[in-house]
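One chain, chain A, links the two complexes that follow: it is found with chain B in the first and with chain C in the second.
Let's turn to the complex of A and B:
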């Protein structure tokens, strides 16, 4: 499926948001996920179905300082 | 009028600050936790802007690998292994003698956070770990003090202001259960200095607005940057969650936890052990002279052990065991030389 992930178009085999996180190996990491500008609660990652062209932003929290 | 009276003139000409804002800055009291890369940039800006009172806290000492990005330190500081809080205070006092700088060589724990935040009007995040950030978040939201988060690693960084009674808190945005630290520390995957300046400078912008009372114009978003493979993103801060254990239910979990006596310093090949008693460095210099090569400055004592690891003793009772990531091994060496 064609998606825009972190500003770049990407072809990802994904049915739900959780699949995208697994694709980028971000499962279990400190990540906040947005679809089309709305934060999606982690509890809904496996329920939210994806459609072509969705803009997904995976914000991976940065711990260093 | 002496020239020094003009030192803030360009900042006062900037209308949103003005003379009134400058007076507020001179009366402000800011706490910066962590005097590494972000912390030194934050402190430099605060002091040059004319903040009247600055409290800085750091548990570490200056090493050569810090000089690439930790802008207040120089080769002399690394050569003498000066504690960062002390080296920073010396440098900052030369920049602006009108700022009262209160330096603490210490860990920040549930036990001392109350005292460190006493009288403070703003907390800036210069830490390198989420455990301390959740502690700062909880203490700030309990006391109603604004907290400006910043983080940077590799070529990535982010920053967000959290305002008690207004925005969500760090826990609302990123629950502690969201995931664990994943080894992406500056000591593991590196960091380039421009991302540090970018993140810290954006923290300072929001900090200045808060200090001069221009709360309306505080940016209520999380900004993130990837500066090598260029991408920026701005995420609107969500509303506070009523079920948040910190700002919603006001349980402030990080303030309830008893601090552990053993802390891993992630990616640093170092374990920190917090002893119960202060350490008299003069005395320990004599006691440990047969354990290995001993070197000291007024703030810490280093022992290169014959086993290969290195001990660093601080007067507040902390001991860093360098050269291992195994807490059991660290405790064994601690027990062998310091005693449990």
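Let's turn to the complex of A and C:
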């Protein structure tokens, strides 16, 4: 399925958001996900179905002041 | 008296939480994770700041930051750096909270890349919205006494005026303003940004601020671990000095021993 992930278009085998996380080997990491600008709670990652062209943002904590 | 005994009679409380240290430490720009962890340990800081960024999907290895920090319960203060207006800051804050790590947020909104100075109007807007959403909001702001009061009224749990622009090490450019901010404040005042050395930290604490947030002056010191300790001691020394009431400055000398009565002739 064609998605936009972190600003880049990507072809990902994914039915739910959790599949995208697994595709990028991010399961188990502290990640926050947005679909089309809406934050998706972790508990819903396996329920939220994806459709072609969705914009997904995956963010995490980095060092900062 | 030990440090913890001193703190027992002089607690710092933010958002209902009693903190064990007045040192807020940033987690960016250390030479390596080992030095960073040592600096954090030696600093005895409880509040640690972080930023939020897109994951680099080609190279997702740089998120180790939280994995090594299990040696103590910390209070995490994510920032909204990278935001240039209130809406962006609010979005980042909501993402930070969705991580489950913390509902504290340092509002940091810079509209000028050269100075990184905070945008006061957008900072006020974001503070209002996020405080209403139940965040514990600590806005990084300019050293303007009226603005700091406005942020307090908007619901800030603590207000964090900068000493000087981020990463400059210029120290406290306007001690007069910082003094006024402290006098007017009904919430804790934390000096955030611009400090360079332990001398700057002592000055800040002697002006009566409740704590200090630093990153670059520790992380980019030649010896970050020792500098973390120096800053910790400076915070304690400055706080004790502030509480103890310094002598007034005078133009001429006063002898330490009584001078006239028992003079050897």
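We adopt the following convention: the second predicted complex is superposed on the first by the 62 of 65 C-alpha atoms of A that agree within 3 Å, B and C clash if a C-alpha of one lies under 4 Å from a C-alpha of the other, contacts with A are read in each partner's own complex, and residues count from 1 in each chain.
By definition in this document, a residue touches a chain if its C-beta (ideal position, glycine included) is under 8 Å from a C-beta of that chain, and two chains touch if they have at least 3 such contacts.
Note that the coordinates shown come from a computational prediction; the quantities given were computed from them, not determined experimentally.
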Practice item. Answer with first, second, both or neither: which of chain B and chain C does A:24 touch in the superposed model? Key: second
Exercise for review: Figure out whether A:15 sits in contact with chain B (first) or chain C (second), or with both, or with neither.
Suggested key: neither
Check your understanding: Of chain B and chain C, which one contacts the greater number of residues in chain A?
Key -> C
Check your understanding: When the two structures are overlaid on chain A, which partner does A:44 contact: first (chain B), second (chain C), both, or neither?
Key -> neither
Check your understanding: Does the superposition put A:5 against chain B (first), chain C (second), both, or neither?
Key -> second
Review point. Where on chain A do the contacts from chain B and from chain C line up?
Key: 6-8, 29-32, 34, 37, 39, 42, 57, 59-65
Check your understanding: In the complex of these two chains, what residues of chain A are touching chain B?
Key -> 6-8, 28-32, 34, 37, 39, 42, 57, 59-65
**Study point:** Interface residues, chain A side, partner chain C - complex
**Key:** 5-8, 10, 24-26, 29-32, 34, 37, 39, 41-42, 57-65
Check your understanding: Touching chain A in the complex: which residues of chain B?
Key -> 34, 36-39, 125-130, 150-153, 156-158, 173-175, 178-182, 184-186, 191, 222, 224, 226, 231, 233, 235-236, 238
**Study point:** Residues of chain C that touch chain A when the two form their complex
**Key:** 26-30, 36, 49-55, 57, 60, 62-63, 65-66, 78-79, 81, 91, 94-96, 98-101, 166, 193, 213-216
